[in-house]
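Each of the next two complexes has chain A plus one other chain: chain B in the first, chain C in the second.
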Partner chain A sequence: MNGASLARNLRMLLPAISLVVLLVAIYALQPRAISYVGFNLMLNLAIPIALATIAQMCVITVNDLDLSIGTYVGFVACVGATMLTGGVAALPFVKDLQASGALPAVLPWIMQTPLAGVLVLAFGIVIYAALGALIHWRNLPSIVVTLGMSFVWLGLSVLILPVPGGQAPAWIRQMMTLKPAFIPFPIIAAIVIAVIAHVLLMRTSYGAVLRGAGGNPRAIERAGWSLLRVKAAMFALAGFFGMLAGLSLVGLTTSGDANIALRYTLLSIAGVILGGGEFVGGRISPVGAVMGAATLTLAGSMLSFMRISPDWQIGAQGAILIVVLAARTLIDRAERSR
Partner chain B sequence: MTRLIGTVSLLALVAALGAGSALADTKDKKIALSNNYAGNSWRQAMLRSWDKVTKPAVTAGIVAAADPFTTAENQVTEQAAQIQNLVLQGYNAIVINSASPDALNGAVKEACDAGVTVVSFDGIVTEPCAWRIAVDFKQMGKDEITFLKEKFPSGGNVLEIRGLAGVFVDDEISKGIHEGVAENPQFKIVGSVHGDWDQAKAQAAVAGILPSLPDDIVAVVTQGGDGYGAAQAFKAAGRKMPTIIMGNRQDELAWWKEQKDANGYETYSASIAPGVSTLAFWVAQQILDGKEVPKDLVVPFLRVDQSGLEKALETTEKGGVANVEYSAEDAEKVVGAAAKK
Partner chain C sequence: MPVGEPIIRLEEVRKSFGAVRALQGVDLACHEGECIGLVGHNGAGKSTLMNLLAGVFGAEGRMSIDGIEPAGPYTIATAKANGIRCVFQELSLCPNLTVAENARVMHRALSGFGWRRRAGRLIVEKLDQVFPDHGIDAGDIVGDLPIARRQMVEIARAFTVTDAPARLVILDEPTSSLDAHLASQLLAYVRRFVAEGGCVVLISHLLGEILAAADRVIVMKDGRVVAERPAAEFTRTSLVAAMGSVAHEEAKSRDVSAARREGSPRIRARARSGGNELIAHRGEIVGLAGLGGQGQSEMLIRIFDAARRHAQGITVEGGSALVAGDRQTDGVFPLWSIAENITITSLKRLRSGILIDREKTDAMAEDWRARIGIRTPDVHNPILSLSGGNQQKALFARALGSTAETVLMDDPMRGVDIGTKQEVYGMIRSEAERGRTFLWYTTEMDELKHCDHVYVFRDHRIVADLSRGELTEERVLHASFEDVA
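And now, the complex of A and B:
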């Protein structure tokens, strides 16, 4: 093995190494956390973050950035806690109308079917695809478009759920609280997410085109692929994974809140970068992104085990991010100098 | 010799054990406070009260630890993660002031399943396995009319100052006031404005509605944080000062004292004391002690009457809220009252 490939391998292994270092540190601080129950508690909130990170990664692949993923996940959570459980009838304003007598007490089937929720969620993915197409077609900066959309999603969430509440569908709740034998559910879920995203983007031929659209768009265009379609596909994929993030989150919290996932925007970007992705050039790593999300979540646990005041925790999380990025830059430099 | 030392130390051990059990069986139990927000004076007072009561309790060996944790960003997911981490850190009970009534239920359930006692207060959680120390805001509104009934048996016109529109607390207090008025038809609410629990806003709102109101307003019913502003508006309009019910803010108490000294002004003041966190602490301690505690408890209001005004004003710092720390006995009383229902 020569130096260059050693450096490359090191860079690929960096997310895994940071994760292991963190786990060792947690074991030293709080041995009982490294157990079946411990992993369940520490990592179950990492599932929605991992899914949001994959969604963000899809957008970053095509050299864009999604600043609306946090509020979108919150929107999905609100839809999941209302319309996906009881259809249109579960919306608070419909209940108000019923109470005031404007609507009958027993609503027709069409108002009660959870299909309404499925439709709204599908509509969300379509919006995402349309955004991707719009960004490409008008050559708009994605940061501005998605920042604008973040307010739209938040507004829609507040319309759906003016005050926190609702009820997650029982099947999602059951799935998120599964207690399989031996291996905690969050770990299984993380592996499944990583494998699916890896196969989709790294192992299929269209996946290569999707990544290529970020690395060298002109080459992809000359080869006869539609960049418009690629962008729309990647944004739709982001919408899909964002939807999964929202649904898994509402399964964990049991009820919705418009402000539930505002942090996810920055967490997801940090997760992608921590996991070995880069802002430009279609350089991504789905497996690394999932590990990055887990690292960020565990970092929070570790800092709280260390009894660092929460006011400092955000700063400490940032410091961890900088340390990992610095390590990567060093490896990159070593790779280039050979 | 060694035998003697052995006997003595054994005796000492027995004595210590006896003393320990007389104090409480919770001396090796750890309690954590999970707080979602610390950005206003009420929450700051709440955290100070927690420290003031729990530190001596830890020193006295009643509990092993009582650590407060506050999330930095007032985010549901952050607090959910915090609660799960507290479970892993081996706390036996978690006292929660929650960022959301419903969205923490998943984390609270996980904590309950891990055998942790969860007590929520102020910002309560709806998960059935947790205890709730709630505030009967409706009663708070109703009490105002009860007080007025005693002071003005013949009734009269009343101005209502409400809180922030769309907030549950505002709805409840107002409902209580209107219920009280319905039971005592000699009172009539002639106007209703939103003061947003803020003296300046309340002053502007009252000044705006005063010209359209009759001259014989006997009282102003409020929700707290708006009494001083209302008084300023009445003064500026040159109106006769009505009985304004206060909400324990320092500026309100100071104004009341000034009026009391000048012309014997009479009213009362009520609000929720930030020290309710300490009540939650004792309730958690009693649950850990194996006491039978109903899941739904009601916080008593902190009420300041004419006679207690000077003392309340003395202990309230400028810009703050009148506060009280609760003792284990207070908690027992609250539990007893709930058990009787």
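And now, the complex of A and C:
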């Protein structure tokens, strides 16, 4: 093993090391947290964050950034809490119309079917793919486009659910509250997410092309691949994982809110970077990203165990992020000076 | 001579990039079973020709494959389907992928279950054939490999075959990062490939390589083919002569007084990789010659940095200013006015209190507009309202208007019309007579004739040191192309 790959392996292990350090610290502070119930409580919110992180990672792979993922997850949660349960009839403004008598009390099947929700969610993924294509086609900065989109998603969410409310479909709620034997559900979910994303991006043959487009887009183009299709595919994947994040989130909270996931934008970026990914160059690690998301979630629990007031927790999370990234920079520097 | 229809034939092909005419009517035919050597100085059009064959862009003129003109536009996909492969000069591997994954990127057929194993076997088998004992593993991340190995992977990849054949492989400077042993392995493989009926176009500035490996040599100059003969009929000297200009106008000669070279030098610098020392005195114009990208720009940047803080192996007295060659990225502030662009380096002298003194900056800009003839009605116009040549003049004004005693010029005359060039040459000469020192990197022979002393760079070191009397185009070319032993 030469020096470069040694440093790379160390860098790849860093997310796992930070996670283990955090778990040990939690055990030291509160031994009872390391239990079936404890993990369920500490980690269930890690599932939507991990999915959002994977979504963000898809975009970062092709050297772009998605600043709209937070509001998009919120949008999906709002759709999930309304149209996916009761179709168009579940929308608050339709209920208002019914109350005022403009619409009959009993609506036809077409307005009650949850298929409307499925269609809207599929539409969201199509929009994501179109954004990727647009960003490549017009050579636009993704930060600007997705920043704009974040307001669009937020606006749509508020239109759907002006005030927090609605109800998550029963099947999602049941799934998110599964109690499998021995291993807590969030851990199983995290492993499944990591494996699927790993196979999709790291093991399939088209995944190599997708990652290559981040490393050397010109080479991919010269080899005869369409970069437009690559970008659209990566953004569509981001939209898909973002949708899963929104659905799992609404399954946990049981009701929707337009502002429910605003923090996810920055959390997802932090998760990708914490997990060993880099902003440019197509260097990503799906397994690391899931661990990064878990680390960020657990950091919140640990700070609670340390009796740090919630006012300080976000700042303290940032401090943890800086420590891990500083460690990575040190590894990089050691590698360069060799 | 090979017979039968050529794999690809170009007739009267022309290509322009804006005002630059990269190819001005080129004929080329690549037959099975031959290795074509393609040589020429920088900007002769070799890379353009190669991109054309690869299908990266189209051009005017006729093109036929196996005697048939392609029905649709000739694209990367057409080139690939017809077995035309390219190894580009700047590496086109994805550094974040493994060796096997990079092979996959090139071959659509490598998909489905077990693709990783098949891709790895394909590339490693080819590496074994081309570079025995290469020491590269299919699972290595390309970014972790040293540059020579990366180049080996890229070369081997171009020869791998899955669904489309490899019939014509174009190698652009394939040995630039390979040592002599690896280069000879590659050339031996090229001969084997040609013997089996393939065709190779070899672009190299190592003339020994060309003469050893090629059957036929094509010499390009200024976008044209100027000579095409069997390799056996060329010698090193005749090849160099064919590349150079046949008739060259003498630049107005400057009187060289022996006194110039006396006294303590203003600049002493040595390239990191050793070689001769660069020395420049007060009032001298020193040329940095050689092929593009042989370390001349790095040398200028290092000298520029050394004028501000101590650097090992370099001494600079009297400060330095840089005139960038790549105007758009390193030179102009595109949103600023002409006056702001000229005065930016001199702002310390143009203040009143902590604020910029408008009157002083305007006076300086006006002064320079008159002195070097920037053609604009008002120095407050945006810099982009000027033509390229006048923008460059503004950059010269920026450097000359500073207090720096040394002016570093990084091939500043790229894309500047001949009239402006003459004006700038005159200005450089008169400034040198006032005692300024100029370091001038240029790839144009005519510009070197304005220099008092020329250093030729090759492989990031100075390999020749020519005084004004010794300077001839042939000597510069010889030094630039000398084979690495």
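Simple rule for what comes next: the second predicted complex is superposed on the first by the 333 of 338 C-alpha atoms of A that agree within 3 Å, B and C clash if a C-alpha of one lies under 4 Å from a C-alpha of the other, contacts with A are read in each partner's own complex, and residues count from 1 in each chain.
Please note the rule applied: a residue touches a chain if its C-beta (ideal position, glycine included) is under 8 Å from a C-beta of that chain, and two chains touch if they have at least 3 such contacts.
Note that the structure is predicted; figures quoted are calculated from it, not measured.
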Touched partner set for A:Val24, first chain B, second chain C, both or neither: neither
Comparison of chain B and chain C by chain A residues contacted: B
Touched partner set for A:Ile308, first chain B, second chain C, both or neither: neither
Contacts of A:Ala99 with chain B and chain C, given as first, second, both or neither: neither
Partner chain in contact with A:Gly281 - chain B first, chain C second, else both or neither: second
Chain B versus chain C as contact partner of A:Ile196, first or second or both or neither: neither
First, second, both or neither for A:Thr253, with chain B first and chain C second: first
Set intersection of chain A contacts, chain C complex versus chain B complex: none
Touching residues on chain C, where the partner in the complex is chain A: 54, 56, 76-77, 80, 86, 88, 92-97, 101-102, 104-106, 108, 110-112, 115-116, 140-141, 143-144
Residue ranges of chain A touching chain B (in the complex, touch as defined): 30, 32-33, 37-38, 40-42, 44-45, 162-166, 176, 249, 251-257, 259-264, 297, 300-301, 304-305, 307, 310-311, 313-314
Residue ranges of chain B touching chain A (in the complex, touch as defined): 67, 69-73, 75-78, 80-82, 84-90, 100-107, 109-110, 114, 127, 166, 168
In the complex with chain C, residue positions of chain A that touch it: 2, 4-5, 8, 203, 205-206, 208-209, 211-212, 214-216, 218-225, 281-283
